[in-house]
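Read from first to last, the chains carry the letters A, B, C and D; within each, the first residue is number 1.
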Amino acid sequence: MLPYCHKVQYYETDKMQITHHSNYVRIMEEARIDFFEKIGFPYHTFEEKGIISPVVRLSCEYKKTTTYPDEITVEVSVAECKKLKFTLAYTMSVDGQTVFTGTSTHCFLGENGKPVPFTLFPAFYDAMQQRAEK
Amino acid sequence: MLPYCHKVQYYETDKMQITHHSNYVRIMEEARIDFFEKIGFPYHTFEEKGIISPVVRLSCEYKKTTTYPDEITVEVSVAECKKLKFTLAYTMSVDGQTVFTGTSTHCFLGENGKPVPFTLFPAFYDAMQQRAEK
Amino acid sequence: MLPYCHKVQYYETDKMQITHHSNYVRIMEEARIDFFEKIGFPYHTFEEKGIISPVVRLSCEYKKTTTYPDEITVEVSVAECKKLKFTLAYTMSVDGQTVFTGTSTHCFLGENGKPVPFTLFPAFYDAMQQRAEK
Amino acid sequence: MLPYCHKVQYYETDKMQITHHSNYVRIMEEARIDFFEKIGFPYHTFEEKGIISPVVRLSCEYKKTTTYPDEITVEVSVAECKKLKFTLAYTMSVDGQTVFTGTSTHCFLGENGKPVPFTLFPAFYDAMQQRAEK
């Protein structure tokens, strides 16, 4: 799968003249949405079915600073996929050097705010399972 | 009316080591929401009635730069209030020096996406009219 | 010139379920930086010479709402270029429909904080002049 | 110590009509800066001495959603303070209910980009040590 590419924007930098650390969480989201598109399950198609997918947990390791006009390459993989939670892992790099690693854990909630098992979307669940086993 | 106070946050600064210009638009929103609270019509009470109030037009004049840890004082006034649009004017200052002036124009839309005249909320409309005449 | 393309990100939407109005100001910046790259004067090359280019003035007209996962096409043109200030005009559209128009006015400041005339960068000034005359 | 209070802003919400998860990372920064001010070591005084304090690691647990116009109360404590790294712990609550917990780990870097031990700032180091032991 082609990695996601994010060009650091000027407005993402801060007074330390580096990309503000909160923006990596946003880049994780961009890469996650791109990942679901690429594996054939665009995020908005779940929303159209009344599903939302909030973030349950995040972890971030900042290895090297980046700044405008760096281009960040993001590799996304499935770290784990159970029935009610999946975890994605992210590795970001600039010119081949790792600058950031992180994970995000998500669930699906229905319109009543209750957890929805991924097994209700078997094609999605299978695709995630297969990737998790790699 | 007490002016609104916004402390510039570190994440609002950029590589030029100043408050990024887009954040003044967010500070305008903070001050606008505070203004409606202070005049007795909190914005969320309109939302609860199915009204949304999108921004129609913005103008911004950047007079002096600010940065973390400046405290920005924001004065909000009603520049104009007609039946379908109102315009607020904002003056931001730090230590008595004007750093920014701007205006924002808004309408009310109902759940069908159609404009809603402010006269449907007579107490609100009167309060805005009176302030516009000053 | 190929227009700039911005995919609306989930984190750019708000409670009204539309792209938050402040983000258009950030998309203007993205498109502006892309524009300077395309005409051969990447913004960071000015920064490397000790020049910063703050925003002096902004105007924004919001015509239609957008949201995730819309793709916004941004056309940038030079509205005016004088010795100390230039103004860019932006037209954003989704599927051929204009959603936003705006302008931004900028100057150049040197390391001493004083205005720097664009004529110190004659190739840049000429390129901007020519585009302004169109 | 009085906890930090953050009013959720409209621009911090997203299409799910909740506070976007990336904004908690920004609220952590706000609360951290407030914490250093309250214990007598404002962050900008370190910057004035040529020290920057990048984030090394973050962890976030999202317990309950929040939205505009919630008021988030943030308690900050020192989880650990060694010579080159300290970790702060954050508990955010709304109306007495925990909505978020997280930690952030930081180091100090000098102007040459090299780590600076906190023992160079003995009063700061002592204050952090004492709080870590509680």
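Quick notes on this structure:
The rule we apply is simple: a residue touches a chain if its C-beta (ideal position, glycine included) is under 8 Å from a C-beta of that chain, and two chains touch if they have at least 3 such contacts.
These numbers come from a predicted model, not from an experiment.
When the interfaces A-B and B-C are ranked by C-beta pairs in contact, the top one is B-C.
When chain centres are set by their Cα atoms, the one at the greatest distance from chain A is B. Rounded to whole angstrom units, the spacing between the C-alpha centres of chain B and chain C is 23. If you average the CA atoms of chain B and of chain D, the two centres end up 29 Å from each other. Inter-chain spacing, taken between the CA centroids of chain A and chain B, is 34 Å. Shared interface positions of chain C, defined as residues touching 2 or more other chains, are 10-11, 15, 22, 26, 29, 68. A complete topology is adopted by the chain contact network, contact being made between every pair of chains. Interface residues of chain C, counted against chain B in their complex, comprise 15-16, 18, 21-23, 25-26, 29, 47, 52, 54-62, 65.
By the touch criterion stated above, chain B contacts chain D in their complex at residues 9-11, 26, 29-30, 33, 42-44, 68-69.
By the touch criterion given at the top, residues 10-11, 13-15, 17, 20, 22, 67-68 of chain C touch chain D in their complex.
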